[in-house]
Amino acid sequence: MGPILEVQGVSKSFGGVEALKDVTLKVEEGSVTGLIGPNGSGKTTLFNVIAGFYQPDSGRVLFEGRRIDGLNPDEVYNMGLARTFQNPRPFSSMTTLENLMLSPRGQIGESLAKAPLRRLWSGEEFKIAKNIKDFMSRVGIADLYKMRVSDLSGGHIKMVETSKGILGGARLILLDEPAAGLQYAVGRGVFEYINSLRKSLNLTFFVIEHRIDLLFDFADYIYVLHMGRLLSEGKPKEVASDPEVIRAYIGG
Amino acid sequence: MFDVVSFLISWLTLFGIYAILALCLNMETGYTGMANFGLVAFFGIGAFMTGYLSISSFLSYFGYNYPIYSLDAVIAMGRVSDKNPILNIGVFFLSLTFSFLVSGSVGYLVSYPTLRVGPAFLGITILSFGEMTRVFMRHFQPTGGAYGLLGVPNPFAWVQQPTLKGLLFLLLTFAILAAAFVYFEVLSNSPYGRVLRSIREDEVSSLCIGKSVPAVKAKLLFVASGMSGVAGSLLAFYLGSVSPDMFGTAVTFEVWSMVILGGRGNHVGALLGALVFSLLGRASSAFNFLFPGLAIDPNYVRWMLMGAVIVIILMYRPKGILVEKPVRTEAWRVFEGEEGRMVFHRKIGGVIKKALWWLMGREVR
Amino acid sequence: MPTEVFNTIWYICVYSLMAVPLTLSNRVSKVLNFAHGVYITLGAYAAILITAGSGMRISPIVAILAAFLVGASTAVVTHILVFSPLMKRKSNPVTLMIASMGAWIFIKYAFYALLDILQKAWSTSLFYATPNLDLQGQVEVMGFEVNVKFLFVVALTFLSLSVLALFLTKTKLGMALRAVADNPDLAQISGISNERVMLITWLISGGLAAVGGFAWSLFTYVSPEAGDIVILQVFACSVIGGLTSLTMTLAGSVVISSAENLFILLLYRYLGVELSFRPFLSFLVLLMTILIRPPAGAGGGLPYRLRLRGLPRKV
Amino acid sequence: MPLTGELSDVGVQWRTVADMAKEDLNAEIQKYGIKAKFTLVIQDDKTSSTEALTVVQTLSQAGIKVVIGPAASSQVKAVKSYVDDNKIVIISASSTSPTLALPDDYIFRTVGSDAGQAKALADLVNSKDVKKVIVFHRDDEYGVAFAQFFSNEFSTLGGSAIDIKYASGLEDYASEVAALSTKAQQENVEAIVIITFDKDGVNILDHAKDDAFLSSRKWFSSEGIHGALGLTTQTIAAFINKTNLLGTRPVFKENPLYKDFSSRYKTKAGIDPPVFSANLYDAIFLAGWSILRAGSYDGAAIRASLTEVAKKYYGASGLNMFDSAGDKMLQDYSIWTVKLLAGTYQYSDIGSYSGGTITWG
């Protein structure tokens, strides 16, 4: 299996401050790839560049062999690349069901012209809802469909966030600290959930995580970012034993 | 003594016009979260469009060639406005359509700043846009400039009996209001409505799940502004005259308070708000009439009330009197079985059917 | 053309006195305050009511103090009664904005009612008045006959703004204020009472706005609508300053003032644009600034780039 | 009646006038031994059109057939179609818009249309052998129309008028006045003609008094500013005297009834009667008498009798005969200025204009 995402020599600077310096990395299809680094090392900036928030100053981003740098976030998503946020941004006063119903791409009923004509979209709506019901029951949150997301627990919110991307039919999902702010057990749960999905749906995950221990258990491959530069990469063990990394983490 | 019928007619007509505005604002603010403080601009554009179209078409049809704001034109209109019912009705619908299109297109263009700046800035931007429109209309000769337009032909000018005339116009207004209501209700109970709400909740994350937010906003502004334009056109026909000073910011704020009172994100609520505030306006003048020479003018009290209501509602019932309900689509059927299907207009349909059965003397099954 | 220049300076003074506090309050409390116009009106009327009521002249210093007190107290009361409860409920900016709108309408018409009563009581016209101060006459300044009021207002503006600047940069409270403005949560952690800072902010902004209103009333006759009529221009100044940067707000008021006093004249003289386009012009400036250079902190702007859609290229 | 909004300043004073008129009317009726009493309902229309309509509707639904006001022409227009349908007689004492001079409608105006006054003002300016003026006017209907008429009249008299329009509804006009001054110097005009309402007018004069060149010109004004209290303040009044500002207003001052009226108003309110107050006074009288004459309280009848009554009625504002368009036919004008009388500055009429001739003194 070839790389699903390639970042080639991407640089990005804000007002003279270089957040990313010539970063190049690959994400293999079907893998869980980790991205670690101390605060302010440009991890989230990289995600934002990939997801189309920022346009890179130089370099290219390829998704499934197509350039996606310079596309807008919605277009990137519609190509099958979803992202989550470090602190989740669900549509809090809407129900779980509505949140999930939003994610499928290109729904007929979402065009202003077709929306009033119910019979045009009701069938599709029904199908989507069925899928979502199956999915939810598989994940075990089916009974939450009626609750407003603001009332859910942290772990559930993270699940919903991740599920959005999956239900959108994304093939690559960028997760920004999925386990942040959760107790260890819950965090681990989230990662197991990710892992199972990866197996069952053949998805690829690109994960930022501070919980290095968790990441080391689940990731296949890890990149280390430091001061906007790629410091080291490799299998978890190699990275863990890399003196550079250790110095960076202790002295960084 | 007090003429209840004509009171109801005159009140409900103005209510109808304002209710349409309230619905539009509710679409923009309640659902999409766009702080449109320039509503009045589209209202006014619609009104002027109507004045221009109707009068000029009448004059040309009857072969006058006065400038439409001249005295001769007004006199001529007075003479011919009740000659040809078909023309009246035709012109009415024609100008309604054009008002919709023109105001809508303007709204579409105005949506450009909405993707450049955030809510607070948007509010100010559109607010000043509204003021700009007013100043511009004052200088715009084709629609009479400062003179404004007089003699807009009422679609029912050919009806002699004033009460009947008022009633007919009221019915027309309500028909349009009902159409707008059903349209918006259906719209907001569709996947599209869901997208709108997601934008209100968090436009960035809505953008991140593939909704092209700017496009959605622009289209919505087209529809909502268009409907505001229709409201303006109705006003023009009702008053029979249009002048730039009718479209100050105060109108916008009144509509805002209606929507807030009724409940953002709930069309019935918007109607309720409109009902309450338009009645309040009547009440204050009636009150003034009943007890002349009060220490404090009831009009002040009324406005103070309006302000207080806004604040209090926001504090103790932020979602308004009627809170918004989740979007009802087929999706609920999957989870809740049949009753999930009951969407608003079907409910209405059910009620009507029951009523018919009842009228026909059968028992409701 | 000295008159135009003098007018421009007048306007700069008045607008900056009104717009800077608006920016300040917005920056700290994140409220886009529509009620700001009312503070201006009240400030303008404080001196007028005193003089009209007592029928005697008062010294400008007294007038300033009165204006400041009235404006500040109103602002604080508004905060306590309206904004802080809503903030406790974590309401979003739009809600706060609407709330301020409500407060504005309420205060405005309450004031109207008050004036109405006073008018009946004193049987004088208050709906269009100017304060009666012992601040009259002209003085000779570098060849120009200059109105004393003019010099007074310039000095007033300069003083109050520099005092504000000092307060914000030097004193502990001022720094705390800025800290809260930049990051409320952090400030909370570092042990500064958020509520207290808010109160101070409203005190200052309301008071300054009122003083601005007073300066305005020296310049011209004012009516209960005064605040509402200038508020849009004031907003324009603040928006040019991004509703966050005080210095940029000053720049904004310079821009708007010269637009209203100089640009329009140039347009009139050389392009024959009618004078009555003056308000139009200032709004135009506002729109242009927002569209061409969305001000810093134009918060909530989408990460979205307008371009012609082209499908991503295969490589 | 505008109690809030842009016309608020005069509105409040008009209230007094209305009360006065009511009392006098009732007294007079008693004198004639007619068992009737008129009560007056004063409504604030906030100088806004829809408000005006609401008010008129409420009144008519309460069975009232004669409404005096609204003040501004735009409001009269807004209520026109309603009153025509429902046969309610509108008597506006201050709407002077020429576009409302419409035949056989229910709108009457006890004040001459601007066309007449524009002519009077033009003659006045001409009589001061001024040949080149700037007309500095509001950008609303009143200002634009008046300026147009004036320019036409003035040019037929062989003068030339330059037209400058300013935005009404603002709070301050410093820059406009500056522009006016520069323009005046460029063109080197002999006089300035201002067509304003009270607020903006006072403000403009307030700024003009600081301008050397403008202070050296002659000034003329329409009636719009008359009665504004600002003009009697020390500084502005001084300016007025220096520039010898003269204005026209639709009042025939030689009229004893008017003298009586104004003196009584002065004792009541302590100030001179504001602009249009005489017309308002007469409007109320006309209304009262025509209602009595009509016998039945019905719009059509009242309208008919109103024209009849007006033919004979001679009131504080002179003859009130209506022309075919329901506007006052013969309007005499007074020439007013502000003078130092008995230590205080006061409005005073120093001349009158009747049937095309100006008489001083």
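Points to keep in mind about this one:
So that you can tell them apart, the chains are marked A, B, C and D in the order they are listed, and the count of residues begins at 1 in each.
Just so we're on the same page, contacts are C-beta pairs under 8 Å (C-beta built on N, C-alpha and C of every residue); 3 or more make two chains touch, one makes a residue touch a chain.
The structure presented is a predicted model; accordingly, all values stated were derived computationally and were not measured.
Shared contact partners of chain A and chain B, listed by label: C. Looking at contact counts per chain pair, the maximum sits at B-C. Distance between chain A and chain D, defined via averaged C-alpha coordinates, is recorded as 73 Å.
Each chain gets a centre from the mean of its Cα atoms; for chain B and chain C, those two points are 33 Å apart.
Note: centroid distance chain B to chain D, computed from Cα atoms, is 36 Å. Chain C has its Cα centroid 45 Å from the Cα centroid of chain A.
Across the assembly, chain D contributes residues 3-4, 139, 167 that each touch 2 or more other chains.
Counting partner chains per residue, chain B shows two or more touched chains at residues 135, 138-139, 204, 207, 213, 297, 300.
Those residues of chain C in touch with two or more other chains are numbered 112, 116, 274, 276-277, 279, 303-304.
Per the touch definition, chain A reaches chain C in the complex via residues 48, 52-55, 60, 62, 65-68, 70-73, 75, 79. Of all residues in chain D, only 3-6, 8-9, 12-13, 139, 164-172, 174-179, 181-182, 198-199, 202-203, 206-207, 210-211, 228-230, 269-270 touch chain C in the complex they form.
For chain B in complex with chain C, the touching residues are 29, 33, 35, 112-113, 115-121, 123-125, 127-129, 131-132, 135-136, 138-139, 203-204, 207, 213-214, 253, 256-257, 260, 295-297, 300-301, 303-304, 306-311, 314-315, 318. Contacts from chain A toward chain B in the complex involve residues 51, 72-75, 77-78, 82-83, 85, 89-95, 97-98, 101-103, 105, 107-112, 115-116, 118, 121-122, 125-126, 128-130, 132-133, 145-146, 164-165, 168. Residues of chain D touching chain B in their complex: 3-4, 39-44, 46, 48-51, 53-55, 57-63, 74, 77-78, 80-82, 85-87, 97-103, 105, 139-141, 143-145, 167.
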